[in-house]
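In the two complexes that follow, chain A is the common piece, with chain B as its partner first and chain C second.
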Partner chain A sequence: MGRALDSLAAALGLAGLAVASGLVTVARLAAEGPGPSTVVPLLITLIAGGSALVRLSSREGWPSRVATPLLFGLILLWGWEVVVAGFQVPRILLPAPSAIGEALARAWPTLAADFWQTFVRSVIPGYAIGSGAGFLVAVAIDRSPFLQRGLLPLGSMISAMPIVGIAPIMVMWFGFDWQSKAAVVVVMTFFPMLVNTLAGLAAAGAMERDLMRSYAASYLQTLVRLRLPNALPFIFNALKLNSTLALIGAIVAEFFGTPIVGMGFRISTEVARMNVDVVWATIALAALAGSASYGLISLVERGTTFWHPSFRK
Partner chain B sequence: MRKLAAMAALAAGMLGAGGAQAQDKLTLQLKWVTQAQFMGYYVAQDKGYYKEVGLDVTIKPGGPDINPSQVIAGGGADVVVDWMPSALATREKGVPLVNIAQPFERSGMMLTCRKDSGITKPVEFKGKTLGVWFAGNEYPFLSWMSKLAFSTSGANPDVKVLKQGFNVDPILQKQAQCISTMTYNEYWQIIDAGLKPDDLLVFKYEDQGVATLEDGLYVLESALKDAKTVDKLARFVKASLKGWDYAVKNPKEAADIVLENDATGAQTEKHQARMAEEIAKLVGKDPKTVGRLDPAAYERTVAVLMAGSSDPVITKKPEGAWTHEVWNKAMGM
Partner chain C sequence: MTAAAIPGPARRALSRRLAQGRAVPLAVVLAVLLVVWYAAAVWLNAPQAGEQLDRAGTPWTTADLVVRSWAMERPVLPAPHQIGAELYESVLNRPIDSRRSLVYHAQVTLSATLAGFGFGVALGILLAIGIVHLRTLDRSLMPWIIASQTIPILAIAPMVVVVLGNLGFTGLLPKALISGYLSFFPVTIGMVKGLRSPDPLQLDLMRTYSARPMHVFAKLRWPASVGFLFPSLKVAIALALVGAIVAELPTGAQAGLGARLLTGSYYGQTVQIWAALFMASFLAMLAVGAVGLAERALVRFRGGRL
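Let's look at the complex of A and B:
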């Protein structure tokens, strides 16, 4: 009997019970408001959900690895919904997840157009140019000590400029459309890439470099076959960091002048119109985009740097 | 020891005397930064009109990210200065704002275009780029475009709209053919930047029949349920209208008072003196009715806001969005 209770099926069963009673709680809150009828399903959800989480997180195997964060996320969303409904929190202060989901569905064409304008037209070109430029300048600095003394301090100065200061200037230089937002993203992503690539290029060991020298390898051969592969973990570090910075930069830059489409524009105008659920829907979309791009880069990193000690079990 | 006791008694006595005349506190949130647009309130404070009626008024200036409706919804002010479109839209979203006074009877909003863009009349806006502020100021513009049957959003809008920042660069840099300006502020910024009145063509919202009521005083509905608060508000309205009366008659002095109250030091005497004169043209002229919201003007504003075919600013006629109770009480004092 004890062994049976330890099984995956039992854990998933408890999770299912938690989800079901969670839905019942939300439905009863929506229909009748907070009261005695909601207490029992609430307690069942908490106890079953907590128990399921404990069991799932201590298990091995991919079903548990997927189910644990999923269940935890669902319980958090459920908790949010219950608190907002139970305490009658005003909609303009904090909308419930159901209201946000409904706003997402209702405003989907607008939000999709905003996503296209911000992410595809501003973030991606800016990210590519900024990271690419950072990488190339790092290789150049590595080659030439003169550039190292001249460019590196300049790079750190550029990175210290606040985006709320650069953004209006970029709008004046590059106009209102995606070019100015991409320019802001370039400024933001340049320095992390530069610094990380430089650190990566220095990562190859002295013994390995000596070995290449003994093979009469040229600078380019050493760079391509030894030093760049060793620099990859650092470069991916910068790429992951830049993916979040790029999204932030593009959204904030849109507060300062934009054609009337874009995620930053949507957030600033809808908050002024008190459509806070649309603001949250945009935030949710931005979070999803940011996590998805981070995950994608991590996947590519895994594929190319599988040899690195950090991936050993 | 005796000296200490005597000093303590003296201090207590002074505190007691100071506390005897408790003035009612009131916080006013302005719609924008300290400027002559709000000269009536600053004059009333400076000349002691608020003190006369037993009020201790704190005037909070606004700014680019400060929405007066949100400030009052969050409890940061007792009274706000806001424009009617924004107040009605906020009311529909669940924040019950009520208009208690309307000092501005005319609209100062206009679209300023460069003559070299080739635009001579509104129908020629098609295919052009127009700058509009957002954050509550876009409603009159959207209503006007709707009236002209121009689309402003979607894949191929008739009119390309830019969210302009709070400056006049887009028209100077030719990034937009026309931008939104106020008669008392941005228009003069364009002139100061070097363009001449002959280079510009202005379309006043009043002339186009799409003007909406601008600076008015708003409170939350709950404030009007308490008789003591209504009395406080009536005293505030009375003193404010007295301040406006003085400011309109003495614009230069009013501009100087505004400059003294400007904590940022960014305003200039020339700009404020000009603004004071232009604002004086917007305030109600008849001393017997100044500040009293004209129901016909209110209905016109509501009609403009509901006329937007695809995206009306408000979807149903507001109920109880204004009251004469406070103004009547103020006039009776």
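Let's look at the complex of A and C:
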């Protein structure tokens, strides 16, 4: 107990030292530019941060599980800031994280409206419809080996296709507003879910199926008790894949025409106006939304497929 | 040689093989799709086609309307044979080095795809090996690898192209970078899962042999992961193709299938868009098929299993 506390205290102390000397580095860089006075805090930050990471990651429990990637992310951000300030990278090429944060705060009302338009109105309905339809169709055609053999190669063929290319066609068909974006998302998310669910439904072993048959279990009972639980890892795989596909699909579709709101619209107009920091702020927001949904799905997956070998200790 | 010449049991075996294989179901599904497509083309193009027929002045019948809606110059949904004609025209009837040849554009896209795929696979495998063996990397890097995939790549593409263009790199490299960025992710995820797939019992057995991490990797983890690697590779090469196409959208549309899509959408050439889409899908099938062949060859080499 005492040693554990010691190593936690040491890790936190090192992390604190890294943050403090990192701030000093950034402040000195901003005040007097790159020079010998920045080298010492730079080295301290790297060494203290690195050893804090090693100590934190060797500990169990959720606080260190959360703290480790956070600290790593902080170090990455700091490295980015230092490189941009130290080498005086032009703002157009790569703005510093501080400039991006500033842009995020400055343009917040617009960005929030863009987020609402793209994420809440296009991505979520499209994701739900596409994944839901893929799942239902997979369960439906699973009973017909004929359809399955016909649709499975077609489905994997189509999920390998560059479906983003249909974005201009969908915009022509469904107009500029969120409906066309949701349509792109539906098409993009449908096939991965179909293929994965079909593969998952086939994943239950012959022994288990025979056991269910010897119990005189009906089709529905076998489906609910045996085959769907066995398919869950595959379904979650598709859900995770789809969560990032959906965001990309909606944003890409907005490049081909949108009302004057939306994250894809913001990115394309601000690139044209050379407001690169606002572009990066939009990307940061998109990345945040994407990781949050991915994390949420992973949490549900951990709760429901805890028996899978990949989660066993 | 007719069906009558085949003796009864053999014929039954043939018909059973046909029904249980993939070819017949796939053909049936494709035929149904084709019929639905033609019907949808009539339904979507009919208003425009009717307008054109009205303008011509002469009285027209439903048959005229159907024929016209399958032969529009800029249809809402082109009929499959129109896309086929465009594909035939731009693949076989143009010199291969011509700007109007789809083969030329496909080859430009494919070279960027393969370069990016190689880069992405190497990076993905290295990251997975690091993540499985170093706890610090697993805890700190893994969440960021996942987060990195939520960055909408098309938004980065113009900036990557501009930045690299300023540094003097144009052509293949920026596109390959974007392809590689897209394709490393499934490889990392699949390989981490695969390298961790050995049962705890097997790992314990290796420990009783007092095997070094290197040997556990070479004798147990790596062989166990190959079964996970190939599905990841199939996803990765498809994504690399998407990456290359998407990267061609903002480069000023000189060459490649993405450029073809963009010019098609600028000028409302729906037939050209669909032809480029079909060509891209054909490339995807070719690439994924090649990975599948490699997998099969490896399975045979290993004596029937992965």
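Just so it is clear, the second predicted complex is superposed on the first by the 286 of 313 C-alpha atoms of A that agree within 3 Å, B and C clash if a C-alpha of one lies under 4 Å from a C-alpha of the other, contacts with A are read in each partner's own complex, and residues count from 1 in each chain.
One rule holds in what follows: a contact is a pair of C-beta atoms (placed from the backbone, for glycine too) under 8 Å apart; a residue touches a chain by one contact, two chains touch by 3 or more.
Keep in mind that this is a model prediction, so the values were computed, not measured.
After overlaying the two complexes on the shared chain, residue contacts for A:Val279 are found with chain C alone; chain B is out of touch.
In the superposed pair of complexes, A:Phe176 makes contact with chain B only, with no contact to chain C.
Once the two complexes are laid over each other on the shared chain, residue contacts for A:Ser57 go to chain C alone; chain B is not touched. In the superposed model, A:Arg91 lies in contact with chain B only, and not with chain C. Once the two complexes are laid over each other on the shared chain, residue contacts for A:Leu247 go to chain C alone; chain B is not touched.
In the overlay built on the shared chain, the residue A:Val83 is in contact with neither chain B nor chain C. In the superposition on chain A, A:Pro168 contacts both chain B and chain C. Judged by the number of chain A residues each one touches, C leads among chain B and chain C. Of the two partner chains placed by the overlay, chain B and chain C both lie in contact with A:Phe256. Shared-chain residue A:Thr269: touches chain B; no touch with chain C.
Touched by chain B in one complex and by chain C in the other are residues 168, 172, 256, 271 of chain A. Those residues of chain A whose C-beta lies close enough to touch chain C in the complex are 53-54, 56-58, 64-65, 68-69, 71-73, 76, 93-94, 146-151, 153-154, 156-162, 164-166, 168-169, 172-173, 243-244, 247-248, 251-252, 255-256, 263-264, 267, 271, 276, 279, 282-283, 286-287, 289-291, 294, 309-310, 312-313. Across the complex, chain A is touched by residues 19-22, 25-30, 44, 76, 135-136, 138-144, 146-147, 149-156, 158-159, 162-163, 166, 193, 196-197, 199-200, 234-235, 238, 241-242, 245-246, 249, 261, 264-265, 270, 273-274, 276-277, 280-281, 284-285, 288 of chain C.
Across the complex, chain A meets chain B through its residues 90-92, 168, 171-172, 175-176, 256-261, 265, 268-269, 271-275. Across the complex, chain A is touched by residues 67, 69-70, 73, 89-90, 93-95, 134-136, 138, 152-153, 160-165, 169-170, 173, 175 of chain B.
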